[in-house]
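The letters A, B, C, D and E name the chains in turn, as written, and every chain counts its residues from 1.
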Amino acid sequence: MAWSVLLLPLLVAAAILLGLKRWSGVSALVSTGSALLTLIFCILLASGGEAAVETKSYPWISIGDRPSGEEIQAGNFNPHPGEALHIGIGFTIDGLSRGMMLIVTSIGFLVHLFSLGYMKDDKGKSRYFAGLSLFLFSMTGIVLADNFVMMFVFWELVGVSSYILIGHWYDKASAADAAKKAFLVNRIGDFGFMAGILLVWILTGSIYFDEIAKAVGGVGNAQLLNIAVLCVFCGAVGKSAQVPLHVWLPDAMEGPTPVSALIHAATMVAAGVFMLARVSFLIDAAEFAAHTIVWVGAITALLAALMALQQNDIKRVLAYSTLSQLGYMVMAQGVGHGGSDAGMFHLYTHAFFKALLFLGSGAVIYACHHEQDIWKMGGLKKKLPITFWTFALGTAALIAVPFTSGFWSKEAILEAALHEKLHGPYAIAILVAFLTPFYMTRLVLVAFFGKPRTKDADHAHEVGPVMWVPLALLAFLAVFSAYGFVSGPLLARGHADIGHLFGHFGLTAILSLVGLVVGVGAAIYFYKGRDQDPISIPLFRDKFKIDELYLGLVHLFQDAVAKGMDFADRYLVDPLVARFPAMTALAAGSVFRVFNVGNVQTYAFFFGVAAVGVILYLVL
Amino acid sequence: MSTLELLVLLPLLAALAVGLGTPARITALAASVIVLALALILAVNFNTSLEGDGSLQFTSSRPLLDIAGFPKLNLAFGLDGISLVLVLLSALVLLSAVLVAPKEDAIQGSPRLYYLSLLLIGGGALGAFTATDLFFLYAFHELALIPTFLMIGIFGHGENRVRTAWTITIFLGVGSLILLVGLILAVGSLGGTTFDIADLTSRAKSPDHDAGTQSWIFLLLLVGFGILVSLFPFHSWAAPAYAEAPTPVAMLHAGVLKKFGLYGLVRLALPLAPAGAEKWLNLVLLLLLGNILYIGLVTIAQKRLDRMLGYSSVMHMGYAFLGIAAGNVVGVSGAVLLMFAHGLSIALLFALAGWMRERFGDLDFEKFGGLAKSLPRLGLLFGFATFASIGLPGFANFAAEVEIFFGAFAGEDAGMNWIRWATIGALWGVVISAVYMLRAYRGVFMGPKPEKLETPADLAWSDRLPVLILLVALLAVGFAPDLLNQYIRPAVNGLFLVSAG
Amino acid sequence: MELTLNHFLFVSGALFAIGLAGVLVRRNLLIIFMCLELMLAAANLTLVAFSRYHLVDGQPAYDAHVLLFFIITVAAAEVAVGLAIIVALFRSKETTDVTQVSTMKY
Amino acid sequence: MSFLFYLFAALALFGGIGVVVCRNPVSAAFSMILSFIGLAALFIQLDAYLVGILQILVYAGAIMVLFLFIIMLLDVGAEEKRRRPLVVFAGGGAVAIAFAVLVALVLSRGGTAGKTLPALSAALEKSDVHHIGELLFGTYWLPVQIVGVLLLAATVGVVVLSKRELK
Amino acid sequence: MPVYYLEFLVVALGLVMLMVDAFAKLEDKRSLARFGILGLGVVFLLLFLVEAPVSTEGAIWKFYSPADKLSLFFKGLALLTTILVLVMAVDYAPVVVAQTANPEPGAHPQSGLGEFFALPVFACAGLMWMASANNLVSIFVSLETVSITFYILVAYLRRNVGSLEAGVKYLILGALSTGFLVYGFAWLFGVTGSMELPAIAEALAKPGVNTTAALFAFALILIALAFKLGAAPFHLWIPDVYQGAPTPITAFLSVGSKAAGAIVTLRLVSPFLASPVLVAKVTTVLVAVAILTLLIGNLAALSQRNFKRLLGYSSVGHSGFLLMALASAPRDSADAMLPSTAIAFYLGAYLLMTLLAFLVLTSLRPVIAGEDLDAYRGLAKRSPFLAAALLVSMASLAGIPLTAGFFGKFFAFKMALDAGQWALLGVGLVAAAAGFYYYLKIAVSMYFSEPAKDSDAAAIRVNPLAGTAMGVLMVLIVLAGVAPGVIVGLFS
């Protein structure tokens, strides 16, 4: 079953590539159908209990002897270092992966569905759906992976499918650049990830999660373990767009909106968090690394929230909010004491409400003829009622209105941080809890209330059922996904616990409620009835100039360092290695030829000199 | 005549036939198809169960010289897993290069010479990879030198082609000479009575094998083979040569022939001078970082697609060196696998770049943009090639790199050492290669199309066939590297390996 | 003072050197040629001196004399050929000056 | 004995120097003849009568006449007055002197120093002509044949090379 | 058949040719050359019928080593060289006629041509004698036979100033070297009291031998032989003479003179190398000369653009490799490779490739004016066959594997390595690398450039005789490059 979940989307992608692409409608339907099928498989898988677990793994690389049973028993997973390497494609089917699979496939299916409408007239529809299928395949691989390398394999493939989908409208320079940027920034993360995998491997002797978990306790070199975990975390930083590798995610909004929903909100960016959760035993064992993770998450949450304050593009606001929420999740992974579960909990809830928000924004954009600037919208509440209400519900979940899903999950993270006495990060998280309601309310107010500010906004009308049905479904989930009847099958280790909330109604709940009220209130105060932004904080709008900084660095490398190297190669290395010796030989040859002056007597003279020389040496 | 001998001699005989006047393209095609078929037959019949000693199979030997004071010379062929993989690579790339080669009437100059040279290059590579006699191993590689020279000089592109032909020939010639000295020294210090590689290898295990001599042998072989593989800083021949060579030659040379140097390091340098290897491998680490990081940056700075690909092929050699420097079964297997993978992927890239050059005239990045829209097939295939080249999972390159990295990291101690640091450096190269390849893809295929750029018709089936041959092989091995690992591993196990670090 | 082997050998060597000097400094091809003959003749003296020194059965080593005989013959033939060439050269270039015979160089 | 040696040695050497120094080819040729006569006398002093005679006959008699004949034929005058660069003289002279010094060195260290010529065992039973003749036409038949071929080739060559040219 | 018949047969052939030339009124004297080729071919075949002498008592064996395979091999080389030189001479005949024919009315229009064909045959006999010479006397007379014939042949084009100039240069320096040789022989006789090489070797090997005198003799002989071999710094004549001499004679010179020099060097130097008291200094000098020769020959060729001069410098370079093998002679020859093997093979290979190049050169002479490399532009288009032949020759000269030239160098390198001559080896590397460049320069002209003028674009016809010879040589070059045992088997 797991194999079919994994391979079905791949087959669909291959089929579209190999021939179906000529019939784009068929491609779309086949792709959507396969997404539905995988969803069904996943539900079966999730409900199948332990019986559904497949242990048979595909030996991808197998060199040398496998460790014997006794050796494994003794915790010696790599008895012949350098002589043997076994990497399989296998599955870990536990609560974590089951839940994640359900999220991935369900949102995946909904996005497919939504895309049928959204991408109806796109010329590259086949390619788009092939990309979606490829993405599903890759994401499934990450989730099901039973070892680091397999995870890395699909990790990279996720990057590729994201590249393909962000660059879907590749003839637009911005989309092409965004795709490239996303891939490259992810690659930087992957660099660390791979290094981390290798380090973990030499420390524990294994790449398999279960074996690492067993071996991690016995690792003596704590310093290297910390470094290893940080390296692995690098992968997450890239994929989950944490500071300082967050720059790709806002740009990724150049892709079609359903893609933003699926990949850059709900699933792919969550892969980093998922991965951290998968290796939580490693993080638990590396204290310094864990702290770093917490701080990185917290800082990301804060910076992203600050940046979101001043964005005007509806998708960008959502993108920064995604960043910010990812910061929460990542922070949770480092907290320990159930933080990992809390983070995953937030991942689930966030997946639904953020997918909802993105698809909602997609509907808005679609309705406004691909207008994305919120200041050019307005008054959409009346034009797009369904969209508005679903969007509002999603927003509610995001800003953690009590009893919506987002409330519960965020609460869990904050609680965990407080419990671990991580006061700094906790304070930052609370601050973010003030900012989130503010910018989201700003968004809703500006886009949906007031008067239409442009013709496009004026002429907008409600989207068709293919698009709003997914919205509605997601809205339901956005509100209720924290409750046991939804999260039961999803979550192994965490869900809304109302009893707990009331039992420990403390600082966290109070602060977040205050944050909610203050944030919403302030937004209403500033933005109600405004036609332009009354606040201008260039630093936030310009994203702290980090992009510019990076651009400068890139230019430094591409234009200065690389060109310098190129110059050195042409005018230093090559001449030294090749031209100079060649020239010397030529010059020497010309010197030798000078002796051939043509006059035979001169030759005789040289003859005589040489003769005297030879005799002199031999006789003396 | 054994199948293997036939396989090696066929391209040479075909070259002779072409020289004597048979229809050039048909002869070449027929020969390369048969060669591929023979290679596959050998692969199928290859006994992979000989675990451990990597014994040769399909051996044949004909005595040629037996005099006092000089090693016995035999025309001897045989296959072990490493050779087999490289034979498969050669056969695949040869066929696809012949397919890519222009039709007779489209060749400016003598088509007979063109195809004859291609066949000689291919035959040389096949011979070098299958010869079990040290001399013929060396000689078959050299066989390709003159045809390469002529091909670049006569049929090459650009005004500098003659100079480029010179550069590559002199570089490789000098490399071969240094290599020759190293080989003679090795043979001499191992008794001087045999050229048989297996025999030499077993003698090298003797404790009498003087360490000082070994050090010299390894150094000479390293420099010699290093020049052939464009080891930093002996790389400056590669990029212009590949940029200016006719497409099939660039494919064959970058894809196949260049692997000879790596093959030689694995097959000869490590086993014949293990103590020397131990001494010098740290130098290799330094140089390979030169290949990966320094050349990587140089690659980024290139302004033309073909030159960029040329430099990229230099850069990727660094990984193979890393695998070799790892000096264990996993690392060396990875290096062998990378030879195969890189051979196919660079041939793929050159084939496509060649197609573009034929139609666009030159390959300056500046003039391109947005080609994927008007040339979707090209865009797609180039995309695949790009992803293969940057080592994306699913392609053989990735599997090879994984093996290399794991090989290089393997070791008893759980701390950092030189080779592990070097591996980290090499890992950064993965980012660099993604930078230049994606930048190129972005520049050429994505974004808006410049108005001045006129686009030709997309790839026809005849253009796609050679590319697909390579691509399918890359994907097949990428999905199931054990297809080749089953051959490679026993052979590598039989080598006498030393690790850097 | 009794005559020793070295007396003859020295005369021979000196004469050889004189011949060499002539080859190196004279411009006239004919004289250069004479000097070459002088060198040969000087060498002959060494040969004869040694043949007188290495007695065979109490007699000079006549083998050396035979060699000398051949040397003289060869020298004669060489002179004949050389002079023929010089004559031919003179016919086409009107010179026997060695410095004029240097069109081919480098 | 030694007086004669010095006399003829001087003759040979000064004759040689004369060849090198005389500007006029004819005088050079005559110096050469003098030198050869001196040499021949030295040969005879070394009990090499036949060789000595041959030296006179072949060298002085035939070869030098040939030279003179050619000098006359070509009407070669004295070398032009224009002085050759001093370098040529200095260089050539230096080489020759160095060579002579080396020979002297060899003579002093080469095991020949102070070696007297051993006395011949008895009165010559046969003349050296007899000996050499026996060797030439007996043992040395092969080299003689070869020299014959050499002479033939030289003759043919000289004939071809010096064919008359129409003006 | 006793081995010494061979030379006499060759001499007889030469005599017959002279007679026929003089008395039979031949219409076209080129048939004389064909006759000579045939005759030499027969003698070549007779080589394989030679029997070892029953006894070595006779007077002849004092001067003539009994039929060892090495000397037979060198005789074969001499014969083959002469045959090919005659093949070239047929193509070259018009030039000879133009430069030498008697202008008098009534004279044969090809007068002078017959001797041009006959003299190489005598030189061949000289070379063959030299191959067997084991006595200072026979060495001297056979060497001089060859030299004098060469003097004549080089200057043969009596109306051509270049040829005469070459003749003069060759003659003067040749005579100079003969002077040194004779002086050296005299000293060698003085030191050892013998003229027979085995006795000389024995005398030199005695510990009591006077090293100063022996080394003086060696120095003088080495100087003379270095001249014959074209070893630096006694090589200066080579480019000039190569350039000026008639092309077939240049070929003859480059192979014949070098073979002569090499075999005599081998014979005369071996006793010194075998002497424990002399070997050290002798080796040093040989190494020094070899190094200088390798460097000068190969580097000076780099910038040379006259093809014949280029081949001249290349010939110097090849002498360097020969000396490399000689200088690396093993001290303990029990199981080691002998210089004779390396040198004999090298010469065999050198013969094949050099003569192939010269065959192409003479074939091209009627259509290609001048010897500048530019004259070869576009040759590949005009005659793919000639271009291919020249390419094979150049590849072999450059020492590319699977050609005969490679093994020549390979053996030399191997010996140098075995002897631990690192400096020599390093220089050899540089030299061989330079070789790649200047030999391929010709390929560049032939293949990479268009003909200089459109009028020069016509296809070129190749004389069938020369064409066949080229084909055979190409096959032999590759054969010897793949299976050197075929050639080595001929002499060991």
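Just so we're on the same page, contacts are C-beta pairs under 8 Å (C-beta built on N, C-alpha and C of every residue); 3 or more make two chains touch, one makes a residue touch a chain.
Remember, it's a predicted structure, so these values are computed and weren't measured experimentally.
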**Item:** Smallest number of contact steps required from chain A to reach chain B
**Value:** 1
**Prompt:** Which chain pair has the highest count of C-beta pairs that touch?
**Reply:** C-D
**Prompt:** Chain with the smallest distance from its CA centroid to the overall CA centroid?
**Reply:** B
**Message:** What's the farthest chain from chain B if centres are computed as the mean of the Cα atoms?
**Reply:** D
**Asked** Taking each chain's centre as the mean of its CA atoms, which one is farthest from the centre of chain A?
**Response** D
**Asked** Between chain B and chain C, what's the gap in Å when you average each chain's C-alpha atoms?
**Response** 64
**Fill in**
chain A and chain C have mean C-alpha positions lying a whole-number Å distance apart equal to 95
**Message:** Measuring centre to centre with CA averages, how many angstrom lie between chain C and chain E?
**Reply:** 26
**Message:** Using mean CA coordinates as chain centres, what's the gap between chain B and chain D in Å?
**Reply:** 69
**Request:** For chain E, write out the residues touching at least two other chains, lowest number first.
**Result:** 137, 141, 144, 148, 151-152, 155, 158-159, 168-169, 172, 176, 190, 212, 216, 239-240, 433, 437
**chain B: positions in contact with at least two other chains** = 170
**Asked** In chain C, which residues are in touch with two or more of the other chains?
**Response** 16, 19-20, 23-24, 27, 32-33, 42, 44, 49, 51, 53, 63, 66, 70, 74, 77-78, 81, 84-86, 88, 91, 98, 101-106
**Those chain pairs that satisfy the touch definition** = A-B, A-C, A-D, A-E, B-E, C-D, C-E, D-E
**Message:** Give the list of chain C residues in touch with chain D in this complex.
**Reply:** 1-11, 13-28, 30-31, 33-35, 37-38, 41-42, 44-45, 48-49, 51-53, 55, 57-60, 62-63, 65-66, 68-70, 72-81, 83-88, 90-91, 96-97
**Fill in**
The chain C residues in contact with chain A across the complex are 20, 23-24, 27, 32, 98-99, 101-106
**Fill in**
In the complex, chain A touches chain B at residues 17, 59-64, 78, 81-85, 87, 149, 152-154, 156-157, 160, 167, 170-173, 175-177, 179-180, 183-184, 187-188, 190-191, 194-195, 198, 201-203, 219-221, 224, 557-558, 561-563, 565-566, 569, 573-574, 576-578, 582
**Asked** In their shared complex, at which residues does chain E touch chain D?
**Response** 4, 8, 11, 15, 18, 59-60, 62-64, 100, 102-104, 112, 115-116, 118-119, 122-123, 125-126, 129, 137-138, 141-142, 144-145, 148-149, 151-153, 155-156, 158-159, 190-191, 210, 212-213, 216
**Item:** Interfacial residue positions of chain A with respect to chain D in the complex
**Value:** 601, 605, 608-609, 611-612, 615-616, 619-620
